[in-house]
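Each structure below is given as structure tokens.
What follows is subunit A paired twice: with subunit B in the first complex and subunit C in the second.
So, the complex of A and B:
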């Protein structure tokens, strides 16, 4: 390894990751054939490593997909005995449990976004632009519901809600989800407002716009992509939330994760797998588009 | 410093009220419930009972979470290190597009995946048998403590790697090139030059993962059914089967203490770091 000179000085500078700009070649190469065998072996090893990695990554998901189309699958058979979409039909039947759970889940997630944004847009603006005492402590306070063992909190929330009749109601579940998602909405909203150029606001004020008008015509539109990202975070967080719903929502509110849990524990792997696949769609979509909404200038200010 | 803005306090008030009602109040409730005996006075009785019934599960939880955190750390360093230091463009490109997939997959979906994948007749054992790497008779179910650890690591590695790869991409490339030019192997560059510069990010990622794993209910319930199990499952069981809030809250306080200990390690590291600057 010490025989290879690595870099012509100043040729590449800070390399952006992943761009195929690795045009450095070892200046001194071992004898040609040995080098070829060496590099072929290295390529083979890397491909093998990637294959194992991909198997461990996608194997569990593949198994999920297989179960969702398996009509019969039992012990000695490595693959399903018969395939079919019978269970998809069961799940998507308009009167089925799954469709009503999906509606419940999406409804709760939308309401959660509305509640979370209603409190976190003003809070984010205050944290980003106005003088607040103990600002750091306030930021950490919003982190706590995420950074705390939540089961112990939820059992007590459920107890309090029970005494005021909120268990098993959509309102109760929405409140729990919103408090849980608050760290995303507040932190990202604060970062989004902090990333807005102050000079633009000052310019608007200079030509006579009122503070309120400046906020709604300059600041809010410029911060919108970041706030959108926080809304997506809260939406997904609510859609995927299991623990809080498990304690606060039962038995009347059945969201998709609860349906998945009940089906899986009841041994109905097909229904559980199809439900899981439905839950996967928004998660994977979000993973693909996240970079569009969360720009680097906002990301670098998260948590500050 | 100028005086605090009244408007600012007004704007942040609704969010604070929400945290107060939905987090701080229940937190106080759980503390008071754990430390109150049947006669309404201060007592450590619930802790005694929790320890008697669940001491194995406390150790089991600690074991699972610590091993998972360590494995997550090692794998994330490996993947982020390859992304930063590898000189094979196609490897970087493929790996970058692969590793993130589990990032936003909900724990409950991950649990369901693993419930089938790691079973005795799951896809993992079946594939190994089909490849001739294992005799069918050797196939065993991984749906116990190993399953929980695998699920946690599978789910958390992308998160920590994402943070770590971001931090590694933003460090001064010149230090890496200097090390390489002086003849250091890539492993040595990773451990001696890159890691110290991103230690802070790694620590944050691991602390967050640790607490997340400590709080997950669905994975231990779905992946490993029987005893021993994790504290979250015990708490749910105490509530749903006995309505026994005192013991459940005592277990809750124990999990706060575990999370608090980790947060303390993190804060101490932070203070030390700031003292050096």
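So, the complex of A and C:
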């Protein structure tokens, strides 16, 4: 996920390369040869830096793309021996594991969003508007699931869930994902509500709207873009989540990341690569959407 | 005020605190139906708090607010039946002009076609015809505040509260809206409370002016009374009498003798308080004469002109007398550094005992 976000600086790379041409002129005036060597060295260094950056960014992605279309690829060959879309056909076959785990993944992600919003909308409103005595402590409470090593937490969660019969169920996995997603959704929802000007609510109350009516006709619609953004974060986090699903859901619940893990553990890099590419699609799509929803005035209120 | 008519708003010993800090110290104010009141004061004096407490946005710590005899101190804002205009317009950006103006009617269950009709007539009244489906974010400041006025008037409130609604607007639009609000008030007959820090705005719009300072009402009265007869140094300087001079008044035989700190003495015949006084006067109360002129009933102080500006219509001078500087307006052109006599007609001075708390400097 984080890799995609860095695409933009990479794309604007050629721009800095043009700059040394302008910088060269004053150097030429002072000492022609020294200036030339200096600027050539600078250009070379910049190109080298850019190449390393591009390799780190695109190398794994290129490898992934290659593997998804490689039918045969083994040592000592640097490139696949034969190309083809046979494995794509395997993945997209209606009876295949990939399609059913994609459906499971999306279903769990949607349920997770519902659960997370059910908590984060009231909690975010309360944190933004009411004078709560332990406000900071409450905000930090929602951060806690991120603070501890996740494996340790999930092992214990799995134990508790096992004793109440939640292991291996969709409900169990959704609860684990929602607890994880609340970090984003509560903080962003609180910021979104805080960004709504209080006078806008008072203006509605003033001409006769009850507090509840004001919330649903004024506050919520105005906070909606921020809450949408938080929902997308929760959705993507759920789609990507591995550790919790592994400890709580296995073996009955198989999501895409689990399928990917199984495939790559079994040496089936083609299936793993194609699954990874499928997982990439919603991330990239939603990143574009989020960028439109999350406005600066909301972001500036995160954590306040 | 007629005793048989219940006041539209009766604020009775109202106290408001933010935490441990008391903002309003027992404010009492009675507003007759159809009256236009302007609350004037510098920032932090509690005028906005008073308005917001009347609206119900702020809890009162003590006292009562009665609207036509009904105590509303514990009634939530939506049940108080008033409307407010905000400095920030407070229009809902996710709604059109129609949505904003019609919101209050929709709440009251008015059918859609009726809302359309009534919003159209309100927009016509405010010269906004045909803007129903515009986004409010696409309107100019003046148009936005007109929409906010329309939204407030749509519910036909008996009381309109105005929280500095004109202070974000251009000077020209502001003056235009001032007279529009005033004429609508005359036509529709609602009671209005207008909070402002703009003296001229308060004077031109209000039937009565309420001057507030540090959580107290310091003077209430018609604009001319408050302007001509301020009851304290604070009100005097707030109403624009920012020049001050210390005077000593003694009786000498039949007459009185007014002596300045520089030892200049002027005989005077008439009613005047005795003892150490501080005189407050507006720059248009004084005028420029020859240094050795004698005018009955006026103090003439010799000084020199140090600055001259032309704000339009008349000149404004700064006159230095000793180490003090006074601003004076005069119709005539005078050269700089010219010795002049600053004439202060005693009748137009606001005189207060010198031990009275000083009035500050106000915008």
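What to note about this one:
Please note the rule applied: the second predicted complex is superposed on the first by the 258 of 304 C-alpha atoms of A that agree within 3 Å, B and C clash if a C-alpha of one lies under 4 Å from a C-alpha of the other, contacts with A are read in each partner's own complex, and residues count from 1 in each chain.
Operating definition for what follows: contacts are C-beta pairs under 8 Å (C-beta built on N, C-alpha and C of every residue); 3 or more make two chains touch, one makes a residue touch a chain.
All of these numbers come straight from a predicted model, not from anything done at the bench.
On the superposed subunit A, the two partners subunit B and subunit C both fit, without a clash. Within the superposed three-chain model, A:58 lies in touch with subunit B and out of touch with subunit C [touch as defined at top].
Ranking subunit B and subunit C by residues of subunit A touched puts B first. By the touch criterion stated above, A:222 is placed in contact with subunit C alone, subunit B being left untouched.
In the superposition on chain A, A:197 makes contact with subunit C only, not with subunit B. Using the contact criterion defined above for the overlaid structures, shared-chain residue A:128 touches neither subunit B nor subunit C, since it reaches no partner. In the overlay built on the shared chain, the residue A:213 is in contact with subunit C alone; subunit B does not reach it. Of the two partner chains, subunit C is the only one touched by A:205; subunit B is not.
When the two complexes are laid on top of each other via chain A, the two nearest Cα atoms from subunit B and subunit C are 5 angstrom apart.
Chain contact summary for the complex, subunit A toward subunit B: residues 1-2, 5-7, 13-18, 20-22, 24, 43, 46, 50, 53-64, 66-67, 75-76, 78-79, 118-120, 122-123, 125-127, 130-133, 138, 141-142, 144-145, 147-160, 175-176, 178-179, 182, 186, 236, 239-240, 242-243, 246-247, 257, 260-261, 264-265, 269, 272-273, 276, 279-280, 283-284, 286-287. Against subunit A, in their complex, subunit B makes its touches with residues 1-5, 7-9, 11-12, 14-16, 18-19, 22-23, 25-27, 29-30, 33, 83-84, 87-89, 91-96, 98-118, 121-124, 126-127, 129-130, 154, 165, 169, 172-174, 177, 180-181, 183, 185, 208, 211, 214-218, 221-222, 231-232, 235-236, 239, 245, 248-249, 251-253, 255-256, 258-259, 263. The part of subunit C that touches subunit A in the complex is made up of residues 55-57, 76-79, 81-84, 86, 88, 90-94, 103-104, 107-108, 148, 151-152, 154-155, 157.
Residues 197, 199-200, 202-211, 213, 217-218, 221-222 of subunit A are the ones touching subunit C in the complex.
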